[in-house]
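Next come two complexes, and both contain chain A; in the first it sits with chain B, in the second with chain C.
Coming up: the complex of A and B.
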C-alpha cells in the first residue's frame, strides 16, 4: 500500500501548458482514472478531467497514456512498469479546453452531415429482417463515441483534414445505416465527396484503439470503399449500368 | 516540474510519446517484403532451373521425375520468337504482384513501413505537400478486384501443376500416381495461396457483402453463407498473406534446388 507512483499530467489549455509531476499511493486494481482522481482529491483540485460512467461505456474519459490513446477508466495501472512515471496527456487531435478535457464538438458537426435512416418502401408489407441481417449492423451500434479512433487517425491527427474528412467514427455510423436491410438512403456521394473516404489509407490505427473492439477498418471502411468502387471506379459495372439501367425498387 | 511551455502539437517523422517498440512491425515488413522482392526479381531475371521432370519444355532435367514447375513461372508461356533475355516469369509475375500490391492488407503494411504514412499509430510522419490518401496517385488501388479475378485463375492453374507433380512416368512408358516432397511443397503452396485469395476483402464484398437485405435478393441465403465463409477466412487475411508469400517463395526455391540437382527430391510413394 505504501507503493508510490509518479504521474506526469498535462496542465494547461490549448495554447500553453506543462507536464506536472504528482506522486500518489497505488492501490490494487487501480485504473489511471483513479490515479488522476487521487491527484485531484489530494493535490490539484482544479485539475480538469472528463468522466462519467467509470465502466468504459460513456466514452468521455479518453486521453493519451504514455502516448497511446486510452479510456482512462479502463486502463489498469498494474500494466505499466513499476517505478516509471506514467504520462497522461489530452487527446492530441482536438483543442484542449483545460488539462485533460478536450473540445470534441467538431465530431458532432460531422455527424449532422449524415442523412438519417430512411425506411424502404415495403409495399404495404410489414417490415421485417432476419437476425442474421441484423448481426452485421449490430456491431456498429456498439460505438460509445469516445472518439479515440478520430484522435488516432493520421488523416486528422497529422494532416488535420477536418474540412474534408469524416473520420472512422462516422464511417462506422454510415456503414451501420448503409448496410441496414430496411434503409433506402444512398450515402455514397457523401462518403466520396464530403467525408473523404478515399483519404483513409486503411492503416488500421482506428481499429487498434477502439475500446469496443469494432473491426472499424475491416467491417465498416473496406466494405464502404468496395461500394464506392462499385459505384465510381469499376469500368465493367459502369458499362453494365449503361447497358442495363437499374429499375428502382 | 515543467517540461513544455507551449502545447506541443508539432509533428515530425517518428515523433511520439509511445514507449513500446512500435517500429518493430514496419521494420519486419521492410525486411521481409524487400527480401522477397529482391529474390523474386533475381529468379525472374535468372530464368533457369524453374522446371524439371517428365515433359519439361525447356531443360529436360530428371525425365524420370514427375513434372515440377516453379509457381513464379506458372503457367509456362513460351512465345515464339521470345528473345533470350526475356524471362517467361515477366509474363506471370505482374499478376500476383499487382494482386499483392493492391491488397488491402499489404496496402496497410507498406503505407506504414515504406511511406511512413503513418509509421505507427500516434507516431509522427513526414508531411510533404497536400495529403491525398488513396484519392490521388493511389486511386488505382480501387482496381484490386480485377487482380482478384486473375488470381483465382492462377489458383486453378497452380492446382493443375500439383496434379502434374503427382503423375510419374513408368519405365514402360506409362504414367503412375505418386508424390514426392516437391509435390507436397507445391500442394501446400496452393492451399496457402487459396486461403489468401479466398479471404480477400474484395471477394468478401462481391460474394455477398454488397447486399443489405439477403432475404430480398435471388440466392440470398446462399450468398449470405458465402459471405459468412469468406468473412471467417478474412479474419486471418494478414496471416494468409504472409504464409502464402513464404510458401510461394519456398516452392520456387525448392524447385530451383531440385532442378539444379543440388538436392534430391525424395519420392514418398
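Coming up: the complex of A and C.
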C-alpha cells in the first residue's frame, strides 16, 4: 500500500454538499474509521461522524464506502485498490444531518410501535427453555442496530415507504419477540397492517449487508410471512375464526 | 433561562448505558416524570461493549455459590477497600436484577436443564457470570432499551450535559447542549442521576469509546460532591496490541474463563509464578491440575481441581503481563500470547466467543481457532467515582445521585470482571428509586438562576474565540500520552509530580484551543469542551495516586511496592475547594461481625 491515501468524504448537509478530498498517511491494519479520524484530527476538526466501540459491536458508524454500505470501524483500508481514492458517503436512505451523520430517528419511532415482550405465565416456576430454543432468537438479538439493512432495502431506499413499512431491522426484532420461548404477545396484526411485511419481496439485499451475518430474509422475514399466511389466508382458519372469534391464536 | 430551550422533569438521568437506563426505568415506575439524556444514540452506550457476563450468585451451575461467597470474592478482589455495605447489597440483589431481565425478555445462554447458564471468571470462586456468548452487554442494553421505550421516559439523544445547576446546596437541574444543533439546553429538575460511565479517554491505550471523557466525575466534583478511590484505575490484562488501529480494543476475560492460557515468548505459562500471597492455595499449582479443572468445566462437571492462575484478578494479571514484556519475554508487538486454539475446538470457540473470533479475523488477520492472540493491558475501568450513600446512591450534594462506573466505593481498589454489569443493574435501580422518592418529596423546583447558566454558556463558546490557536485534538493526544506514561499501571512519586506540572501546562493550552466551523454537529468543538473534564479528573487521579504511598489493586507504586495495613483502613477523598483539587483521608466504615467472620475461614 502507498504511504498516503486519498479519501473523498461528503461534506455538507441534506440541502447541499460536496465530496472533498483529503490525503492522510496510512498505518498497518488501518480501517476507514481511522482514516476519517485522522482527517478530523489534522485537517477538518468539525467533520461529523458517529462512532463508539470501534469493534463492530455498537453499530454507530454505518456509511457508504465506494458505494457499499459498511461499518467504517470494520472496513479495512487494505481491501481497497492501492493508489485509488476511497469515497465515503453518508447512508442514502436517511436525511443527512451533517457530513457522515444521518438522521435515523425514524427507526426509533418504528421500534416504539412494536409491543414489548410479555412474559407468559410460568405459574411461579423458574422459566426454562433449551439452548436450541435460545439459539433461534439469539440470532436476531445479535442485531447491533447499524441500520445498514434499512439503508439498502429498496422499499425504503428507492420507494421511501417509511409511513407504511417497518424495514428488515424491525422484522428481525419482531421475529426475536415472536419466536421467543417465553413471549405471550401477538404481533401479527402489526406486521400486516402497520409494518407492511407484504411489501418485502425477499431480494435478500438486507441479508447481504448485515455485519452480524443474521440470515434476515431466511430466518426472520420468511417465517414471519408464513405465520401471516397461516393466520389470515388459510381458508379453514378463516372459517374457524368466523365461527369462533377469539382474541388471539 | 428563557434564552435557551428549557425542560422540566422530576428526575433527569444523565447517561443511557445500563445504569442510566435501569435508573430511568425505576424512576419512571415510581411515578416520577423522567428524562434520559445521552451523548450518543440510544442503545450505543459503552455497556454494549461489555462482553463476558453479569455476575450474580444464582447458583445454577454450582450450588455451593451464594451471596456471601460473592460478597467475599468482591471484597477480596477490591483488597478490602470497598464500601462493605455496597458490596453486600450488590451481592444480595444481583440475582433478582438478572432474573428481572429475563422477565423483560433477555435471552441468556442456557444450562442443560434449561436455566440461565453461568461461566467462570477471574476472582469468582464459582461459575457466576450469566452471559450471552461474548455479547452480554448488548443483550442487557437492548433489553433495557426495549423496556424503557414503553415506559413513558423522554429520551433526549445526542445531548451532552456540561454542568450541574444548583440552588443553594441542592440540585436544581443541569445545563448542556444538543450535539446536532449546537443549541444550549436547560433541564430543570428536582433530582439528577449521573450515569455517565468512566474516564478512559484520559489514557492513550484504552478499551473505552469517545464518550468516556470523565463528564460525570468532573460535574460532580464541580458541584461540590466528594469523589472516592480516584487513584484506582483498572487496566484490563487483555487488550489487542496489533495492528495499531485496534490497540487497546478489549478481549473478553471469557477467553480465559473458557480455558484460554497466557504464554510468554518461550511458551511458558507465566501466571503460575505470579500468585500473590492473598490467593495462595486457591489456584492450581501445576499445569496438570489447571488442565483438570478446564476438562471438568468443559464436561459440565464440578471440578476436583483448583482453577488456573490465568483467572487471578485483573490487577494481578495485568502487572504480570507488564513484567513479562518489560523483562524481554513478550510477543513480537509488545504483548504476550493468549491461546485458546490449543485448548478448545474451533466450533466451541466460535460458539462461545463469536465476536472475538470475528474481531481478530477481520481486524488483525488472526484466526483464533488456529493461532494465539497477542494481548497486553488496556485502560478499561475507573474504580473511583462519586462517593454515595450505599442505600440510596445519593452523593454528598442533596439531589445528586450516581450509579454505575461514575459511582465509587463498590469495587474498592480493583473490580472483578462481571461485577460491572451487576453493579449497574443493582445500583442503577436504587439510584432511580431514591432519586424519584427524593423528587416526589420535594414540593417545588429549585431556581436555575441565569448567572450560572450564562457562565456555563460562555465557557462553552470560548473555543470559537478568534484569538485562540491550539488544536483540541493535539492537546487531548498529549494528555493521553502523559497519563499513559506517568500515571499508568506502575507509578512513582517523581512521575506523578511531573504529571501534575504537565497537566497544569496542558490546562493553559486547553484554555487557548480554537475550533473552526459552526456549532452544528462539530466534534472538534465537543472535544474542546471535554478537555476541562479530562484535565480536572486527571489531576484528581494523579493527586490521589501521589497521596497513597503503597501498592494495592489498581494502584501500583514502584517506590512503595507493598500493601500497607494502615493504608488498608483508609479511602482517599477528592474534593474541589475553591479552584483547588484536594485529597483527604477517610477511615473505612467498620464491617459488622457477621460479615467479618466470612473472611475467617
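The rule is simple: the second predicted complex is superposed on the first by the 228 of 249 C-alpha atoms of A that agree within 3 Å, B and C clash if a C-alpha of one lies under 4 Å from a C-alpha of the other, contacts with A are read in each partner's own complex, and residues count from 1 in each chain.
Just so we're on the same page, a residue touches a chain if its C-beta (ideal position, glycine included) is under 8 Å from a C-beta of that chain, and two chains touch if they have at least 3 such contacts.
Just so we're clear, the structure is a prediction, and the values are computed from it rather than from any experiment.
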Is A:27 touching anything from chain B or chain C once the two structures are fitted on A? First, second, both or neither. second
Output check: A:130 vs chain B and chain C. Expected answer is one of first, second, both, neither. What do you get? both
Contacts of A:229 with chain B and chain C, given as first, second, both or neither: first
Using the touch definition from the top, say if A:179 reaches chain B (first), chain C (second), both or neither. first
Tell me which partner A:104 touches in the superposition: chain B (first), chain C (second), both or neither. second
Looking at the overlay, what does A:87 touch: chain B (first), chain C (second), both, or neither? first
Let me test your reading of the model: by the given contact rule, A:45 touches which partner, first (chain B), second (chain C), both or neither? second
Touched partner set for A:59, first chain B, second chain C, both or neither: second
Going by the contact definition given at the top, which residues of chain A touch chain B in one complex and chain C in the other? 128-130, 133, 180, 182-183
In their shared complex, chain A is touched by residues of chain B numbered 1-7, 9, 11, 16-20, 104, 107-108, 111-112, 117-118, 121-122, 124-125, 127, 131-135, 138-139, 142-145, 201-202, 204-206, 209-210, 212-216, 224, 234-235
Touching residues (chain side chain A, partner chain C) in the complex: 27-31, 34, 40-42, 45-60, 74, 76, 97-99, 101, 104-105, 108, 111-112, 116-117, 119, 126-131, 133-134, 137-138, 141-142, 144-145, 177, 180, 182-183
So in the complex, which bits of chain A are touching chain B? 8, 12-21, 64, 66-69, 87, 89, 92, 96, 128-130, 132-133, 152, 154-155, 157-159, 161, 178-183, 196, 198-205, 208-209, 217-218, 222-223, 225-230, 232-234
Could you list, by residue number, the parts of chain C that touch chain A in their complex? 40-46, 48-49, 102-105, 107-110, 113-115, 117, 132-133, 135, 138-139, 142, 146-147, 149-150, 157, 180, 209-211, 242-246, 249-250, 355, 358-359, 362-365, 471-474, 477, 515-518, 520-525, 527
